[in-house]
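Here chain A shows up in two complexes: once beside chain B, once beside chain C.
Presenting the complex of A and B:
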């Protein structure tokens, strides 16, 4: 090792000491990483949980065969759930409501907010398709009575009906309601409600673990410098700067 | 800065070592789990002794009587001054490698003055003083409901308590707080300003005062599980605020499937991702990374399938044909595991004679080798049982053993990829590296906080349900 590097290294250590942080070299850190025990079965479960929760029914079926991992939910129910989700995503809200009720009528009965959002989506689709009269009738008969029960519903309703006031919705302040993202939002709300009704978590565990990793690194940053993972997609260790 | 490790950067010491040895370690761990009746807590470091009874040796003798079960204490004298308190500590310090430590007392008799207290004290606490009156102690007192922390003067804290009440004291390591409960409800919490080991402590100080202590042998009145769940939830909410691009998970799942050669799953996953609304494009920003893992995908998938089906001979044959460079050394860990698996498959179908014959030819050479001996012995031991599946070596007959062998072959094939940048990437998927980093960060942070708090355990995350 050249003298130059020794000096640099010592300087780095002194600097770190000044901040009273522990300095962990790459070599030491890799030793610590090697001591961690992660079970293959657990990783398989994590992947299965992701496939199932996100609705990849065929992939889940294949994964069961290829890895021997049992899904934590009946795979048949995924197909139904995805059909509902897809219906909302493609604007067939009536169809979606019927499918949800076929699955389990309690989902909408016990979830007035979800039901309102679905009806709101239906109204949005009517407006999108230029069915002004139908839209007005639907708003007055189906949505307005619900607005009386709940102030926030009423505000949402007013916001939605405002779409009718603009000839060119691309420039109107509530135009975002017509955006695809509104459908996706409603679709994921229905998806979550169905999962909850099936006693399943509404979100996969993997994204939370990724957040936890970033959080854990931030926490450790306060006490030590060590090789971090910055890029989740490569999972490469980067030396401390 | 490669120079800094003092070695010539050209050489890679790991490369000469047989990668497959890593999987032998995995097998050993399985064997161990089998014996210990795996409970998800496979880290011996996580096991700590907990207080179970009162310490009758180190107590203020003379003023109190401790029952024979060492779980109740009574003040039998008449108190005269502030230095004849009947104090008693638990037999062990409060364990620290957890989210929360907690214990409870039941006030059987408030005695003449109800001068009872509950709290925590350090090892060298003066055993004739109330917890909280002296430095390095803290106590919630029954007669005034005050909290005392190292001074003679207390601070208003909670309600008073006396005969019939159940009072609890706890340490929340995540929040670094003490908390106290009365009859199942939290009455207050306060910053834990004491360092070092702490003993659960109770004190009685007037005639006939009597308390029963519960270190958890009996169910607590306070819902500790719920409290812990809420604490975890608080932390979780903070964590959920951290932004992570939704696409990240897709990429990680995809690279996991690639890594292990779950090709059918991968194809379904890709197909479905293209057809979602909107389609998910998992672009591999790093082109070479993709190349690294699509390498020999079809071969890896085929071999995994064969091994999972118990077709070891066929798998061996293909391996010799496709990758002679890794199959020719019959003493490698991979070949060893395949031979073992062949033996296991013969036992599974009841072809014991054939198994013996096969063992003599292929396994006997591994006896006497310190690296392989224990596993060879486990394999051979299968012959000794009428119902081997239920025996201590039954783990060998499980699906997971086939999976380990398949993973070994998979890793060895990945290692033949000339573009593989780091050998250890053959062993670990990106997902595994992320989980290792997560675990190591949590452990290191805890170790820098005096080992307080619970460690990250994937097992626990997988078993918790957060439906809300």
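Presenting the complex of A and C:
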């Protein structure tokens, strides 16, 4: 990302100048920042990339109309992907599997780990709904063969089946499997796999850019005192203390 | 919840229903059952679902909505049956679906085309897929049209066909001439899957083909090569690996490319870093590393400097390693330690040997083989051999056990390691003898498999090298004189050579050892003579000559026996096989032959004068005279030594 490298270069220049810890005033800093030219199109692309990857299809559509930025993916596929994600999030795993298979039958055939996690999520939902017998049968018929193929799957399966052994699952050591966060984890794994199958990067660029910003600030902190950004949501420069 | 097992043939009934809705629903049901699920695939295949789905595909009409829905779903089902299960590929091919799928590639409905292309791609990932004939013009047109397409599934299929079916250099060349390289290069700028498919098919076309590599490197003023180099820095690990493999193919085909030390070092670092990938890429990376450094000392040096051995070691310490990974790492270490002593010493100092010993008893035959190959490489170190690092129970016992392994490749690899380990320069080989090693080796010299015979005799040969009398006796007792004689006359020339080398090492040393050649009415010496007279192989001549030379260093009786073997009647010596050997174009053979004369004419022995007379009569002396100015220093020295001895009996 060109923006990032411009900032890094600036920092490097400052670093080269600073023998001891240098103090940079707000005025100087802002002047430097103003010298960095960033193309509006690049910013827009960054926003569009975020909306598309995260699946905000309506927002992406509106943003496209307003800014004229073309998304790098067919917006219709986002709707399908979101439907899959939503199905997992609401516990309809079987439905999600069918939808993924309609979208591209290769995804689950070539991604054993994801397939296992979806089946595991199915088992978790059965247990959550108190269908003990069905859960046991499902674990035996569908999941046990996968465990035979892969040691780590077997361990995960054992952990999941352990849910059945506790009366009060909310207090048992594997209780977190029943958390909503487990559904979200599985959902984001499916989301990433679909994106990869569409030759799209699975993570939006914006968060990693922000991570790089924090890293760059930390590096600079050792060399200089300057107005830094503390609150990423406002990006306000805060005067050095 | 659906039935967990395809319990009855009801599903077959529904798959062939005349009712569109029922049929479509049944096909979709099978699809969602089998995708990702190997067990289900196999049970549906056994049930006979594949022909039913193939029929549904064949009967559907791509030109109407219902028909194309049926096609899309049934093509997906067939593709899934073919994905990762060879049984499924066979069933799909047997059901005759293949030509239908090919035909559907030209359908108007893009969904149909995508589904058919995906299915075919799955089929082409299997070895069972039908071989694509690139030499048929219409086939090449078809392939080019796939590669030229805008549709990623079609270009992916094209690449898959190249990867599957391009094997010979003739096929590589015809693909080059037809312009596939250009098409594949344009795929390097495409999406992730296009790039990966292009890299893999480029590697297939460039492998071991200097002509294709030259053409590729010249394309777009070398920019094509530049793009591949650039892709070694890609953010996707699979792409990085494939780009490296492509460059390795280029480098191994013609050494004039990628000579720059920077790119060599870079390849090493990238491959070492790819080891950290937890998936398939990490499994394949050590194999790629192997092919990069195999036989190339400069790259092995660079890898050593990049701490490759430490890196492999730290991976080996993770005991839950996938067998494929273990195999790859041991093979990589084997190549790394094949030439350089510094690598072997590092290997020993890190105690990698302990992990290797564990791998000798691994469940997977491939891992056992790789561990043996690695041990063979490491035990080339004379320093470690002399220190007796390998001749101990911890290593020898499991190794000897592998000699009766069920897998031939394990046996051969174990023999390779044993061959080195028994050359331990210390006379004490009792560890090996005590654990029944000789018995096992001798057993293998009688194997039907010539590679086992070869390596077993080789091991024995090395074992006898500089061994003491007791060890030699133990071996003769087990092996028997008559089977040595028959190994000398083995149908395989390579086995003959090793058997002769075994005898050569046997008759080296004390007088008792020389007697070995005369045991049981001299059948061994007789066999040696027979081979020397009829063989045209230089290696066989060399080993035979050294046997004669070793025996000729014995007592009068021994020397006379050699004279008799070389010149049976008073025939003209210049036509004898020995005279031919003295004139051989191979300097090693000339040296070995000259040694025989040196030992026959040794001054201290009483019968030397008589032998010199005979040698002169058969014209050998004049031949030796001609050799004193030989172009090879070794030959020259031996010839002068022999001539000096001959002249001291008077030159007439």
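In the analysis below, the second predicted complex is superposed on the first by the 222 of 241 C-alpha atoms of A that agree within 3 Å, B and C clash if a C-alpha of one lies under 4 Å from a C-alpha of the other, contacts with A are read in each partner's own complex, and residues count from 1 in each chain.
Here is the rule we go by: a contact is a pair of C-beta atoms (placed from the backbone, for glycine too) under 8 Å apart; a residue touches a chain by one contact, two chains touch by 3 or more.
Keep in mind that this is a model prediction, so the values were computed, not measured.
S.K.: Of the two partner chains, chain B (first) and chain C (second), which one does A:199 touch, if any: first, second, both, or neither?
M.R.: both
S.K.: Tell me which partner touches more residues of chain A in the superposed arrangement, chain B or chain C.
M.R.: When the residues of chain A touched by each partner are counted, B comes out ahead.
S.K.: Going by the contact rule set out at the top, does A:159 touch chain B (first), chain C (second), both, or neither?
M.R.: Neither chain B nor chain C is touched by A:159.
S.K.: Of the two partner chains, chain B (first) and chain C (second), which one does A:110 touch, if any: first, second, both, or neither?
M.R.: In the superposition, A:110 touches chain C alone.
S.K.: In the superposed arrangement, which partner chain does A:128 touch: chain B (first), chain C (second), both, or neither?
M.R.: neither
S.K.: Can you give me the overlap between the chain B contact set and the chain C contact set on chain A?
M.R.: Residues common to the chain A contacts of chain C and of chain B are 196, 199, listed in rising order.
S.K.: Looking at the complex, which residues from chain A come into contact with chain B?
M.R.: Per the stated touch rule, the residues are 1-2, 5, 9, 22, 24, 27, 29, 32-33, 35-43, 45-47, 49-51, 56, 58-59, 61-63, 65-68, 86, 89-90, 180, 183-184, 196, 199-202, 204-220, 223-224, 226, 228-229, 232-235, 237, 239.
S.K.: Any idea which chain A residues touch chain C in the complex?
M.R.: That would be residues 97-98, 101, 104-106, 108-112, 115, 134, 137-138, 141-142, 145, 149, 151, 196, 199 of chain A.
S.K.: Residue numbers of chain B touching chain A in their complex, please.
M.R.: For this pair, the touching residues of chain B are 1, 3-6, 26, 29, 42-43, 236, 238-240, 242, 244, 246, 248-249, 251-253, 255-257, 260, 262-265, 267-269, 271-272, 277-278, 284-286, 289, 301, 304-305, 308, 399-400, 403-404, 407, 429-445, 448-449, 456, 458-459, 461-462, 465-467.
S.K.: Which of the residues in chain C end up touching chain A in this complex?
M.R.: Residue positions touching the partner: 1, 4-5, 28, 31-32, 35-39, 76, 79-80, 83-84, 118, 122, 152, 191-194, 320.
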